[in-house]
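Every chain is named by a letter (A, B, C and D) in the order it is written, and numbering of its residues begins at 1.
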Amino acid sequence: MPKRLGILTGGGDCPGLNAVIRAATKTANSHGYEMIGFLDGYTGVVEGRYIKLDPPAISGLLHRGGTILGTNNRSNPFYFPIKENGEVTYRDMSDKAVARLEQMGIEVLLVVGGDGTLAGARDFKAKGARVIGIPKTIDNDLAATDQTFGFDTAVRTATEALDKLHTTAESHHRVMVLELMGRYTGWIALYSGLAGGADVILIPEIPWRIEGVLKKIEARRAEGKPFSIVVVAEGAKSPEGELVVQRQVEGSVERVRLGGIGQLVGKLIEEKSGIETRVTVLGHIQRGGSPSSYDRVLATRFGVAAAELAVQGFHGVMVCLQGNAITHVSLEEAVGKPRTIPLDHQLLTTARAIGISFGE
Amino acid sequence: MPKRLGILTGGGDCPGLNAVIRAATKTANSHGYEMIGFLDGYTGVVEGRYIKLDPPAISGLLHRGGTILGTNNRSNPFYFPIKENGEVTYRDMSDKAVARLEQMGIEVLLVVGGDGTLAGARDFKAKGARVIGIPKTIDNDLAATDQTFGFDTAVRTATEALDKLHTTAESHHRVMVLELMGRYTGWIALYSGLAGGADVILIPEIPWRIEGVLKKIEARRAEGKPFSIVVVAEGAKSPEGELVVQRQVEGSVERVRLGGIGQLVGKLIEEKSGIETRVTVLGHIQRGGSPSSYDRVLATRFGVAAAELAVQGFHGVMVCLQGNAITHVSLEEAVGKPRTIPLDHQLLTTARAIGISFGE
Amino acid sequence: MPKRLGILTGGGDCPGLNAVIRAATKTANSHGYEMIGFLDGYTGVVEGRYIKLDPPAISGLLHRGGTILGTNNRSNPFYFPIKENGEVTYRDMSDKAVARLEQMGIEVLLVVGGDGTLAGARDFKAKGARVIGIPKTIDNDLAATDQTFGFDTAVRTATEALDKLHTTAESHHRVMVLELMGRYTGWIALYSGLAGGADVILIPEIPWRIEGVLKKIEARRAEGKPFSIVVVAEGAKSPEGELVVQRQVEGSVERVRLGGIGQLVGKLIEEKSGIETRVTVLGHIQRGGSPSSYDRVLATRFGVAAAELAVQGFHGVMVCLQGNAITHVSLEEAVGKPRTIPLDHQLLTTARAIGISFGE
Amino acid sequence: MPKRLGILTGGGDCPGLNAVIRAATKTANSHGYEMIGFLDGYTGVVEGRYIKLDPPAISGLLHRGGTILGTNNRSNPFYFPIKENGEVTYRDMSDKAVARLEQMGIEVLLVVGGDGTLAGARDFKAKGARVIGIPKTIDNDLAATDQTFGFDTAVRTATEALDKLHTTAESHHRVMVLELMGRYTGWIALYSGLAGGADVILIPEIPWRIEGVLKKIEARRAEGKPFSIVVVAEGAKSPEGELVVQRQVEGSVERVRLGGIGQLVGKLIEEKSGIETRVTVLGHIQRGGSPSSYDRVLATRFGVAAAELAVQGFHGVMVCLQGNAITHVSLEEAVGKPRTIPLDHQLLTTARAIGISFGE
């Protein structure tokens, strides 16, 4: 049996996954290792579904969005859904998964994923499996790495949307609200708001009030600019939000999710300022598309670094970017440490210096 | 007083408006005419707000989205909103508008707009004003011209969104629903669905049923493709739609608009197929952005043709594209003739030949 | 043996070839036909190299540039290069090619190519083979079709380059020369020059003199615009060109081809106007990249139409676009009729109206 | 007289200059300072040509390439060209320039430029002028800052070109050579080569031989990949280069510049491998275009930081990026320290791990 490494991609889609797979496979092959790609996250390990990643399989992958291995947001070998007789029950299948890796002669399993998927890798490690994590999230919210691939592409997509909304806002003297991804942190909203010329940016880290938003919009109107651009991270919560929701839909919280926070902010602005307001929810478009040149390079570096470590016999770590260098930390250190925007972050100061409001 | 033409832009925003303004102004200037740009559609004519479009004013305009003249969706000189003592009343200000054109020495007014704005131009003409229409709509739904500028750019934007959703759909084995503009016609949905590899396209012209949609999704799943792309024009109505809405929100129709038809289709697919489904509403992004090369050329041709006609003493017509040539029709012929997709259109046959379902 | 169609792609690369292959295959399959893809143009037919185009083979093709079948600029079965003992001799291999189609049960061969490749198809037809042509050229220079796929994408690429050169020209007060493809016709240069705001456009159809070019550049300088954009089709010849070349390189014509006409024009402008001038040769970038939405739709229409005709038993024709409809003409009519820009073409008038110079 | 800052942009064009101008002006204005923009680099200071940068002047600047202030590659106040009687003489005009800043009440002059322009700022400082430098170069070759704005955009543009060449190379079984900017360093070539899937990257830092290039191309051919992508930085020199040039053009070194190193490499590959080879020189397209989201944010941060320092009374420094923070170094430290690629840089190791050849 040839020497073998394995790789899987878990969690939400993210531009650059294919570039990681390509780089790790090329590196492994150059050391005489086979690379096995497990399908649909951990599910492929549990169920024994995989493909061999040979040169034809990875040809043309560098610039392609998505992942040829498939992914699965909810694939957890420790709480694995089993369908029997039309019912789903959950079982711990981690022993089976670890055993399969041994049987197949997988020396090290490369696990590409966000915090949830990496937590799985850490728990695999605790059971004696040899794993190396590769961080992936468009939200850029892992504390152990300065940046994750996918983030730059998501920001680019959001910025392009803002550029398009800008001319329309100006021509129509309207307020344009753009809701972006970011359930727990506002990195995408902050970066793309800065890059796309937003007037107001609402993020989970900074409590906002609709009066704060209106103050900026009114100040612009007073300066002869009857249009404004408002960027809202999907996780930008507000006590006012709930109130308004209750008034609007008679106590039903469930229904408002249809529209999301962007819709709410848009409705409030229009009601209170009298300025026509339009809302766009960019949604999963932020997860797709060909990765940016930055993300392709970062993903390639991560893939090479992880495979090199594996070939050299290291494991139990996650590769990461620190400054300009790829290095690694232990999986235990890497997991469970979200990176939100510190309130004294230089980017916030920068944004405030050019007049951007955070709705305070 | 120098010889003068005037120009205004009305209706919804549309990539290429600035290219029209630039081309018409350059052409007018080359014949020794001044070009006056009225602000915010007809409002600028009624209220006497305008700018002189000299060479610096039009510099760098060709590739810019939006309109430097501003626009106004609801500006109608025959039913013009007047604010007095905090109340809005509506009056016929068309006499005043026509008189102003005379006083200012505007030989011909170029009116760039969609069907509503052009109807205003026709009614101006009936009062003796000299006007020339220039057709504009991203929806491509004017019968009197083979194509309008803005459409190609909107299709490009929608296609780019589909390209991004495609990789994510495939990686996650999900259904992705993309709601596009098109209240009365499905041209944008049909073109971008063809260009972006949609599996299902729902348009106002073809009644659809959710069973029709599911049939295609299930057929793909049976072929080993557990993901699908569904494009929905915002005006794609369904008798089922209403029903479901009532069941969902207890009879309240108003609230469902929050989510729109795309949300409805997504909810139905997820419920009935069990496949995870995500919905994106592209919204006003389709109206913005730098015009495509095609739209820049078409807008330039329209602007030149309209100004040339005006300088030569023609008026009362709308310029249009027929085959590969710019020509013109009377405003009376041009207005009020929407162009929907004929049910025997070759593009529909083409779409069906490659297996695209229209949800029938 | 199942019913079979064949397809090959010949001539220079062109965005949309894969979209044709995909559409033709889907259509053929839906009628129960197998589709055989011959590799590297006619070479694959002569040498018996081909692949079966089944659903996995065409998955994900719609938006990809290039051709999965490969192509060959010089593949001519009537004058086919044979390597023997290190020497290349040319033989007529057309009988062998036609015989192979028969043996393989190919009912109709779809030939996607430009004028050279289509001439081969016509000559095959004369030998009794059943062929259908699909026109392809980024130059848009086939008389028998209103437009070819690939042209819109090439114009988009050239226009994006012009947009980038524009800001740099303006910031540096420079002349920027962009050499574009177009050996015999200036369609790409004319369209992208109009779309990209060129000041001067030099094309094969209109003889130009450097004095004509300088006149425009000087006129702009006099108006306070010390920068200009000059677009040059690679086939824009000039009697002056030769003269200058001889002075520069002492009679050697061969060497100047290194630089091409763009370099020559740039050198002349800089010498004679004293304005710093920079030259860019866009080259094969114009042939690559993901096809535009327009080209994807047109390529799909051509692919469907050709396969439908073949399945219905038609052959000996080339599909084409006339107005908004796909139709077909005989191969004999289609071949050998280049479409250059008529000197009274409306686009030339339009360009002149906004002050574009053709260097006359 | 109001409190005043000044700003100028010098050296080659670079995406993000306008974003710096906008951010610095907004910041200055928010502190009650006027911002004066000098035109065409130092020339505007010497000659007293400038504009006031008020809010309308900077509206819409964020996403625009180029610089509204103009620039001048050769503007040096210490060696300033004076035209008299048709002759150009050079004089030291630095006293006059410094005096003008005093007269105009410019508290601090912000100088945006590359190494040459910043050297001028350092020399101004030595004469007692109050200046703050802002680093700018698409080449990313200043040692004192981890990154400069413009670089990410240039890499993006180069990567898009590589993506386009890739499909064409593959379809035609050709070698595609892309010559990129980088006279003294290969950062653009290395990054975009990694991001665009190059097989060979030739940079000034690593001596290459044509045999090294051919080895990679032949190895690919042996693996069934008869196409290759070769990226060449314009400053990638070779002893062989000269030789070949002499053989080719009879000793004339001057003429080869017409074609550049890319042409030379292409010619050598075609001659020695027999594979058809095409060369593209991307040229000034790399300096133009709307800045990437990354560059917009970095340029904004630099502009804000410089203006904040100036308002607080600091000067004599250059702002820079270190890790994730904007900070500053003295102008003396900043100038004259080029940043080339260290031969043990991690990116080189990464590139080699995935099989990229540097032509050694």
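The criterion applied here is as follows: contacts are C-beta pairs under 8 Å (C-beta built on N, C-alpha and C of every residue); 3 or more make two chains touch, one makes a residue touch a chain.
A quick map from chain label to UniProt name: A, B, C, D = ATP-dependent 6-phosphofructokinase.
Every value quoted in this text rests on a predicted model; they were computed, and no experiment measured them.
Common partners of chain A and chain B, by the touch rule above, are absent. Averaged Cα coordinates give chain C a centre that lies 34 Å from the centre of chain D. We define each chain's centre as the mean of its Cα atoms; on that basis chain A and chain C are separated by 41 Å. Residue positions 163, 166 of chain C are each in touch with at least two other chains.
If touching chains are joined by edges, the resulting network of the protein chains shown is one closed cycle, each chain touching exactly two neighbours.
The set of touching chain pairs reads A-B, A-D, B-C, C-D, using the touch definition from the header.
Here chain C touches chain B in the complex through residues 22-23, 26-27, 30, 55, 62-63, 146, 152, 155-156, 158-159, 163, 166, 191-192, 194-197, 223, 290, 292-294, 296-297, 300-301, 304-305, 307-308, 323-326, 346-347, 349-350, 353-355, going by the rule given at the top. If you check the complex, the residues on chain B that touch chain A are 9, 12-13, 17, 40, 64-67, 70-73, 157, 160-161, 163-168, 170-173, 176, 249, 255-256, 258-259, 263, 278-285, 287-289.
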